[in-house]
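Notes follow the structure.
For reference, chains read A, B, C and D in written order, and residue numbers begin at 1 within each chain.
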Amino acid sequence: MIDKRFTLAEALRDIADGATVMIGGFGAVGQPDFLVNALADQGATDLTVIANNAGWNRETGIPKLLDLGRVRKIVCSFPKNSPAFDDLFRVGKIELEIVPQGTLAERIRAAGAGVPGFYTATGVGTQMAEGKETRMFGGKEYLLEEALHADVALIEAWRGDRWGNLSYRGSGRNFNPVMAMAATCTIAQVHEIVELGEIAPDAVVTPGIFVNRIVAIPAEAKA
Amino acid sequence: MIPAGVTPLDRPQMAARLARDIPEGWFVNLGVGVPTQVADHIPADREVIIHSENGILGMGPAPAPDAVDPWLVNAGKKAVTLLKGAALFHHADSFAMIRGGHIDLCVLGAFEVAANGDLANWTTSSNDKTPAVGGAMDLAVGAKRIWILMEHVTRDGKPRLVEHCSYPLTAPGAVTRVYTNLAVLDVTPSGFAVVEMVPGLTLDALQALTAAPLVMASS
Amino acid sequence: MIDKRFTLAEALRDIADGATVMIGGFGAVGQPDFLVNALADQGATDLTVIANNAGWNRETGIPKLLDLGRVRKIVCSFPKNSPAFDDLFRVGKIELEIVPQGTLAERIRAAGAGVPGFYTATGVGTQMAEGKETRMFGGKEYLLEEALHADVALIEAWRGDRWGNLSYRGSGRNFNPVMAMAATCTIAQVHEIVELGEIAPDAVVTPGIFVNRIVAIPAEAKA
Amino acid sequence: MIPAGVTPLDRPQMAARLARDIPEGWFVNLGVGVPTQVADHIPADREVIIHSENGILGMGPAPAPDAVDPWLVNAGKKAVTLLKGAALFHHADSFAMIRGGHIDLCVLGAFEVAANGDLANWTTSSNDKTPAVGGAMDLAVGAKRIWILMEHVTRDGKPRLVEHCSYPLTAPGAVTRVYTNLAVLDVTPSGFAVVEMVPGLTLDALQALTAAPLVMASS
């Protein structure tokens, strides 16, 4: 029987020092903080984090990893409003790769879809184009952007089943479905584990083929 | 200096002025800040579909404080509601809408707009301590139209409409129209063309607050 | 009030000679034959058709357009088993551009997503690579493939509302959602038009932003 | 010629032999034709998730004639059913699964397989009157493993396992394993390695039916 349900500790155990870790979420919605906080406890360090932003609340999630000195580099579109990131960045203790939000989403999707590189108009004629290859299509200039892979994706979904099928709630999809596609090992925290078939075939947003492990958030962690 | 006797629009008035020009049926993305207020001024009988880059089409007004769904926020991370007919999707699909030219209009704020439509709105320094671009560059190149909503001059009285942007660009040649607290201006091959001014303002007075040549729009 | 509901004749009226027309469907499922047959009646000719295959049953859909001599060129992955196509192709009366099925889907999606070109491993070292630009990523060779746009997409969905939101049934999605993204004018035939809101926000597969016109299939055409 | 006293596997036996080697939990795409039959031979207590490139994961057995859903077909355009846990999606997402390396195994038929793993299975002529590639090239480069299921020789007795493919390639170096009606062979850096032969068959007899050198697999 296929069973992707893991305990929290088992799910994260093999995340190694030096790993590249995607972390889903946009604003407070869809952030896998239950997993990220457990990764802080697990201890892996020298991480490269790929996420839309660098968090804000120092008590939880990405800022917690940052304050513990676990993150060597962050790849994101909007690192503002994160005191934990600011403190490190100001003194040169963290690397930053800024990527426009749409390019970030598309680079992640490309990694999941077997596309090693693609062209985009975003960033042409700006400092984002520095050092990037360009090419003309139909008389217009475009930048070459490369796929962005990860060793691990930590994502949040609403419901999950033992095959790893996931559904989301509200604006909780955001980066989660594309990150699920782009990592060697995708680990999802879910609010409810349901029986196979309870997520109808046309309601599955992330099919289990993109998910390796699911962890149920216990009631006491949902406060 | 804004001449005596001329009352600039306040922010709700600026948002309302812009909202008046959005026709029914457009798909519109509203930037964080004052642009977000545009949604509050679209007439109730005119259907305009608001897009949020974090995966929403068909956003409705802000919820009552006791009706907040914590699972539903807009690009500014504020609680929102959904209209009947709304759709939810992931970030790659959302930016496919933006970058694929499907959004009819994006309303953004700006630090500077140049006479050729160059837009600078993401950082005021090429040595920004924590540069953060978000979706601005994607929106600026992807939406069918970029309308800028901003004060005509900075707090220090420096013009924001300029010959050439001094700040790092968000996108070259992106802006088609600018709504300020003093005027509505089109970006044209011959530079900024004044479509409308607040009552009492003269072209000379507006020109004095603008660092690029103005022409009157032929109407 | 936004209202994308059209009569059949109004929906197709402005399709011009020389147009590039995407036609959805895979096998018998999700084929917009109600629209394609009406396009045959409408009379537009010199068309370029983009579809996964060239149909089979001569009485309906793409073969009907072919037999009427309306198609100058077809872009597809699998033109086999279509007598109408064979008859034209054998005597050099139709152009054919063969595209691997995944490359076809990705080129269409790219057009919808603002990506003018992307790289793929599919076709490397085969006759599909002839005349195509190649580039190395990570020591491996890839082909450059370009976005595939259309003037018009004819698609089929299951339910639709007046904003153009669509849902599908069974294996009926196939090429329909990506074609909806890639055309200047997307026209959908639907089995049922429902009130706004009846397709729940997280059940919308093709948001109305990608759809210009919807046409209800009348009961008598569903035989 | 197949030696007297040797009984080649029939097609159901070939499909069953291959099915035995698919472990629980794999995501598997089955090509049109004999490969499709593999699904019927996976033990009922072993969960293997079947993918169809037209947008299905979790296909079940063929429906009873009176329970056909005309809205649900597989890549061979045949009516299918869905298992509990199935998922439906569009073509770009489906081929993202294939091309992004998410499919554990794809089973295909072939005209020829070369000793270096080159695969020719889409056309038998570079001047094909109506060439049709479908998803074969995507599957051949995208799946983690390509296993070929085919008769060892053509109807005319010509070997299908060759030194170099004479037909146009589907993909170079794609095949990892071949299941024929006579043997199971791995594609290795030293060529075809025989893993298993049908009872009574000798390596010499198999070599006589194969146009590339065979070695015995070290087990």
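The rule we apply is simple: a residue touches a chain if its C-beta (ideal position, glycine included) is under 8 Å from a C-beta of that chain, and two chains touch if they have at least 3 such contacts.
Computed from a predicted model, the values in this text were never measured in an experiment.
*Asks:* By that same contact rule, can you tell me which chains touch chain C and chain D alike?
*Replies:* A
*Asks:* From the mean C-alpha coordinate of chain B to that of chain C, what's the distance rounded to whole Å?
*Replies:* 35
*Asks:* Distance-wise, how many Å sit between the C-alpha centres of chain A and chain C, to the nearest whole number?
*Replies:* Roughly 33 Å, centre to centre.
*Asks:* Quick one: report the Å distance separating chain B from chain D, using the average Cα coordinate of each chain.
*Replies:* Once rounded, the distance between the two centres reads 56 Å.
*Asks:* Touching at least two other chains at once: which residues of chain C meet that condition?
*Replies:* 106, 109, 113-115, 120-121, 168-169, 202, 205
*Asks:* Give me the residues of chain D that touch two or more other chains.
*Replies:* 88-89, 92, 95, 98-99, 142
*Asks:* Draw the chains as dots and join the ones that touch; what shape do you get: line, ring, star, complete or other?
*Replies:* If you draw each chain as a dot and join those that touch, the picture is no line, ring, star or complete graph.
*Asks:* Considering every pair of chains, which are in touch?
*Replies:* Touch list across chains, by label: A-B, A-C, A-D, B-C, C-D.
*Asks:* Applying the document's contact rule, which stretches of chain B touch chain C when the two form their complex?
*Replies:* Residues 24-25, 27, 47, 49, 51, 57-58, 82, 84-89, 92, 95-103, 142 of chain B touch chain C in their complex.
*Asks:* Which residues of chain A touch chain B in the complex?
*Replies:* Spelled out, the residues of chain A in touch with chain B are 26-29, 52-53, 77-80, 85-86, 89-90, 96, 98-103, 105-106, 108-109, 120-128, 168-178, 205.
*Asks:* Taking the touch rule as given, give the residues of chain A at its contact with chain D in the complex, in rising order.
*Replies:* 1-2, 109, 111-115, 161-163, 165, 181, 195-197, 201-202, 204, 207-210
*Asks:* Considering the complex alone, what residue numbers of chain C touch chain A?
*Replies:* Those residues of chain C that touch chain A are 106, 110, 113-121, 135, 137-138, 140, 142, 146, 167-169, 202-203, 205.
*Asks:* Under the definition above, what is the set of chain B residues touching chain A in their complex?
*Replies:* Per the touch definition, chain B meets chain A at residues 52-56, 69-74, 77, 88-92, 94-95, 98-99, 126, 129-138, 141-142, 168-172.
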